[in-house]
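Heads up, there are several structures right after this.
Across the two complexes that follow, chain A remains constant while its partner is chain B and subsequently chain C.
This part shows the complex of A and B:
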């Protein structure tokens, strides 16, 4: 077992198969642990060479907000990790337009470049996935 | 069909823990295969043998253990999520094992459908 592959011997199985994985992030970053632990799955998935997309909808859009200051609440600011995803070849980040606009945000407020999709386009994207993990 | 199941919520606190079990049970009864049940977030609390619900209530943890015993279902608890919440080998109920998040990704690859039970 290695840390980077999360308990899987890469020689044994799963090699060769490439599926489309979408991780759907729907929660604000610090009120619950979903956002942080979702990011942990995303990082592990990079070791499996899968076709990974990240989706941010509802309050999940806040996960990407610039200027997160968490010191006073004693929690770790994990938003810089989204900027590191590119180094893991995870480059497909999608934000739902309606969720972003409803929260008064624009792409300029976000820590990483994203593609903005309408809810209808998002439905099409998710329909094309093999595995959708929603957090 | 081969199903993968992700359980993201704790027992008794949230319906997801019950619905995941009912889904798995129904799938097995219909002749489907459960590739793995992966417990994540507060879902790891489904795996502690210290659970003692009132006698007139369902025993969620023992129900999973029984399913593992009777059908050989692989019940995997995320090590990192477990450590955060005090779920370790010492208090693991029968039929569960602790491993890494790679087991979840692998289930996504191997199973025909991966179904999330969460909030």
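This part shows the complex of A and C:
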């Protein structure tokens, strides 16, 4: 990170190093705050123009499930927000094949287009990251 | 906190944003705009209505960068730039326009 004086080096600052960030989501969307917090951090991180990937595994695949009815639990249904990610230039969304199959889900059950990776391919993807944040 | 128009009360938070988004109506928008010293024109309404649609679709208030891009796509490039939006909403299109549109403060807007 270069130090800037009075904004003169702005161009240099904003073209700084791009790191590969992966946000790993493994929890059901409601019941804990993890899913929503992760999504908020992802939206904020979009301002820093980094190479961001989102990974959904275990119960985390439920975060993307269509038809979430949250009225009875008194929580806001934030699943439509995943569809806004494209506008934030966050377009790399991955789900783990084994987690999907164990829950009887296919990509047609999800609110956004995703790429399905086996746990082995997922391991490779995570291995390539500079920063992995797990929620 | 809050305000009242024609016997209808609107609850606001400490920064003046509506607490219940469903309470929003044009009268509330006019009141909130006056508080922000913004004279609402056709162009302002265009952005306000756009923001309400965006919120309805995605359940968040967009970041400025995202708003600018999306406005450009929908209303044309001459409107999809920060100069145009800042002329309409001098204290920040996301912050000020969202408040008038009855949306929460945008995520990542500090």
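To be clear about the criterion, the second predicted complex is superposed on the first by the 120 of 135 C-alpha atoms of A that agree within 3 Å, B and C clash if a C-alpha of one lies under 4 Å from a C-alpha of the other, contacts with A are read in each partner's own complex, and residues count from 1 in each chain.
Definition applied: a contact is a pair of C-beta atoms (placed from the backbone, for glycine too) under 8 Å apart; a residue touches a chain by one contact, two chains touch by 3 or more.
A quick note: this is a predicted structure, and the numbers were derived from the prediction, not measured.
Q: When the two structures are overlaid on chain A, which partner does A:47 contact: first (chain B), second (chain C), both, or neither?
A: A:47 sits against chain B and chain C alike.
Q: Examine A:76 and indicate which partner it touches, taking first as chain B and second as chain C; both and neither are also allowed.
A: It touches chain C, and chain B stays clear.
Q: In this superposition, which partner touches a larger number of chain A residues, chain B or chain C?
A: B
Q: I'd like to know which partner A:131 touches here: chain B for first, chain C for second, both or neither.
A: A:131 sits against chain B, while chain C stays out of touch.
Q: Looking at A:84 after the superposition, I want to know if it touches chain B, chain C, both of them or none. Which is it: first, second, both, neither?
A: Once the two structures are laid over each other on A, A:84 reaches chain C alone.
Q: Is A:37 touching the first partner chain B, the second partner chain C, both, or neither of them?
A: first
Q: Using the superposition on A, tell me which residues of chain A are in contact with chain B and, in the other complex, with chain C.
A: 40, 44, 47
Q: Spell out the part of chain C that touches chain A in their complex, as residue ranges.
A: 57-60, 62-63, 65-66, 69-70, 107-108
Q: Mind listing the chain B positions that touch chain A in their complex?
A: That would be residues 6, 8, 40-41, 79-81, 84, 99-106, 108-110, 114, 116, 118-119 of chain B.
Q: Note which residues of chain A are touching chain B in the complex, please.
A: 1, 3, 5-8, 13-14, 17, 19, 21, 33-34, 37, 40-41, 44-45, 47-48, 50, 130-135
Q: Taking the touch rule as given, give the residues of chain A at its contact with chain C in the complex, in rising order.
A: 40, 43-44, 46-47, 76-78, 80-81, 83-84, 87-88
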